[in-house]
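Chain nomenclature is as follows: A, B, C, D, E, F, G, H, I and J, assigned in order of appearance, with residue numbering initiated at 1 for each chain independently.
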């Protein structure tokens, strides 16, 4: 089996509210646990930036589900690569709320002070994910 | 804009017949021309292997459409990368029929003499696409 | 003295006509000859893509002039680097008209079949310039 | 003499019980001591993952014995390379029981939370062995 | 969007006084905040050395404004590159007054003990900026 | 599936005669065709040197069979690696008889003028196989 | 003994005439033959650019003599390195007159169309010398 | 002068006794001091492994003497290279007795738990020498 | 301007006495301060080893003066390179007297226990200068 | 077995005459054939430069014999390395007489126009041997 890492950005649907995030996370974690997918989700009022790690088949199947989820759209992959090891093996889906996405952090990897993952190259998104992964608390 | 190259494999649906390929190609080429997407499609009785090149936004949108096309399933990305230049800029969608997918060629990049793209690493798929790209006639 | 190469893109002003290009080239070449600047200019109905080579001081001074020329706007540098040797030393300003900017060539280095230099990374622009430089006839 | 390192995976035979592991280890260590082979053995209820280090002739002879041992089957080499130095020189055969093969560790290098060495590339298996080697206590 | 870093040197105009620096900085910071540009400005009685980071479009537009500012002249770019992350994301425009530009620092990266950015290669200017960036206090 | 290449050396058993080689090859080719294994076999009066290519599972299963074949012994792996493509995809098992194993060729990659694969490093064996592969006629 | 290559530029003295070059070359060649120094001399109405190759001791001694020769001044070393082999071993001192120093050649490696070696980095000077060395006729 | 490092292995002669080592060392150190040779000698009941550092001429002359010394035989060079600096500059000849050549150390770099330098590649011998050099006490 | 570093060795003239060193240093520092040259001077009873850093023009002019100074002779350049930053920016001319040139230090970089810079490759001399530069006290 | 390549230089003894070379070669070739050693010998009136290839044990044993041969002295190894393949596998001992050691060839790799192998670094000697090996006729 090939181990892969996928990073994508998306835009929240108008009818998705911040209060819905807990439910989304709970369901994502349940599915990921069953599929041995791990990763990290960043979210602010507007955008999602997510990293998915796992076997090539499972990450692709999960991504297929995610692509068709009406709660977001304009989904764009930023990075996808075969890897030797995961970086987020401690979380079925770690979470990074808006409060963690500070101005310097956003500026560090993109053109804007607000969190805007579309504004990133694949390498920038990957580096930002690694920096976040080093600070996210184990749940 | 980021220029990207995406390679994926999929499995033909039972109700898709080889005779339907011309229609699929015609429609794919029409859409690709409009979206400035270029690439190559390999097809045998069982599987598809496709390479898509273009702007990150357009390639992702096209891939989203393709993912939800009922004519195939089990879609798995093999390779995705930002590139400096395209390799298939002469085809809105080049075509490689089963007759071109010879035994030595299939064996060269995978574990089986029949064309089976699931049996490939990202790098093998990418190398096979490049070798094919050098031989496909300009339409 | 440092030898540098600069590549930029710009948008033609509404009041600039294609018939004005000869005059622009003549004046550019006269100035470049005097300043030992060499390079290549691509032009279609909408955009300019230009490469300037020479000493750091002269290339910057020339670029300063160009930036303030009302015949174009939205000037964006795509690439700038210190180099050991020039690639366009045979032209005070080589010219690549729209007819040379074919669909495959444009697609090869950008997201669109029309010439759109804004749609390019620095490396893509640099590679396209090198490919063009190998084919432009010596005047 | 060439110094080599070999990593392989195998599946426990139905009639092998976890209680038999002590005997297997004792015999392996006796043989390895005599043959100057060193290494590490990971074992859970289902699979073995073993690393063998030593001279090319001895590691191959030992591997030949192991291949024909009825206590396991489906033996698949994951990695084999000439090395300048060993990493497990302190153990005639170090042991890593199931309790040490934690969920994050398994996920880190493969597609599943349970220990499944078949699910690994050669490089992943090699990296996991190195991480384990750094933590296994000297006996 | 491409993230870029630009470093340039310039010569203070005769009618610009050191006391005018606060006003320049205030206005630069206001514009940069609005354009998500970050960076560092070094200034002594004679020269400016400035680093600008941000999206390619905004950094170029800002640089265009700066080029035409009568408070300095002889503007020469020393370095320009696409980057994965910024180094000065904590400052809309950090400031390094003459007192920080010590003799050893100036000598370290150029041919003279006084601050003279024209006397630098692109790489020296970039390295000096990085060394300064590590010491400038967050405002 | 992982694609791998394995090179090993072995010593002919006393009761194996050169006239038996045709039968061995016929049976090997039949099995390899069924398992999509490709490769090259070198043989002289004393030794075998064989290269096997194919999926990781099939190459290992084939190697397991070969290891236990009484027609040879002292089997020692010289090289084993994951590869992106095969080099012997045109032969289910190419054959290199003693007459092709000339003195200069043997000397080039080992310490003796006679063919003695035990006298080779993994890299030498791999290079010799590649040189032979370029000259073996397609059957 | 260390083999080195030295490249320097200098300015012709006012009282040195072009007609004196033959005498200078004759004497240089005589000395170089005796010291096993080889190289190439470029000369136009204003400047010298010379490359010297040989043992470290002899090249330094020759350079010392040259430094004090009143026929030129402002001598500046552009490049100096230990090498494994010479490039000008066929000439005790090859000669490149002004007529060979064409506009494109000068522009290719410097900021000006006239030959001006001061206007070169060490690497540019070294590359220009190599290009010239490939074209200079053996005497 | 070229600075070189040489590592060789040899076999103690039957008539050389361990008690003779002090005399051998004293004489070696006297010669080495005179020749500015430095290094390290490992010795157990059977073998020598020695590293010699110094000018190319002196190391070769010393090695010539050593080759003809009847106290050992089967002398085989394992490694020889030009170096920029020595590693054993503090010892005219450091000494590593059998007690320091522990089982893990021997296994780490060779195929056997006893000290057997013939059983080493040049790189393994060089690495072992460096590890020993870091621990040998200054005399 | 190009920043360069030059390292050379020379032999003290018979009529130069150790007591003259203070005067030499004082004058060298005065000139270097004026020319923005920095560096390090090593001296023992016999030899000088000096490193000069600064702009290409000034380092060459200073070296020209030094070459013709009757207080030493046999001047041989060991290393010369364009650099991005200086290493001795804190000293107009640091000084390393004989007492600092210990036996291990000399042996470490050359073939002799006494300080003999002629006995060094360019890389050894450069490395020794860097090691010394890290220990010389700021004056 | 390790395959190695050794290059050394030596000085002809006074009592060795050029007419003795045939006998030396005949005897060397006989021994080398028996030991599977291959290589190249260069000889002029003064010096030998020889390359020996083969198994580590045999090359060392041969070198030991050569070291003690009274027909030459001052034997100095220039290069010694483990290799994957030989370069002189077609000659038990190829021969390069003085007439082949032309002035440009000698100058190319050393400080003198006459053949003087002592005047070479290990890398220069190795490169010269490779260049000669490409031209020596097969016997």
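Rule of thumb we're sticking to: a residue touches a chain if its C-beta (ideal position, glycine included) is under 8 Å from a C-beta of that chain, and two chains touch if they have at least 3 such contacts.
Keep in mind that this is a model prediction, so the values were computed, not measured.
Any chain bridging subunit C and subunit I, meaning touching each of them, is among E, G; the list is complete. Each chain gets a centre from the mean of its Cα atoms; the one farthest from the centre of subunit A is J. Between subunit B and subunit E, the centres computed from C-alpha atoms are 47 Å apart. Once the centre of each chain is set as its mean CA position, subunit H and subunit I turn out to be 35 Å apart.
Separation between the centroids of subunit F and subunit I, computed from CA atoms only, is 61 Å. We define each chain's centre as the mean of its Cα atoms; on that basis subunit A and subunit I are separated by 57 Å. The residues of subunit A that reach two or more other chains are 2, 121, 123, listed in rising order.
Inter-chain contacts occur between A-B, A-D, A-E, B-C, B-F, C-E, C-G, D-F, D-H, E-I, F-J, G-I, G-J, H-I, H-J. Subunit D meets subunit H in the complex at residues 1-3, 36, 38, 54-55, 58, 84-86, 89-90.
Residue ranges on subunit A touching subunit E, taken from their complex, read 104-105, 107-113, 118-121, 123-124, 127-128. Residues of subunit B that touch subunit A in their complex: 2, 6, 56-57, 60, 64, 67-68, 75-77, 79-82, 121-123.
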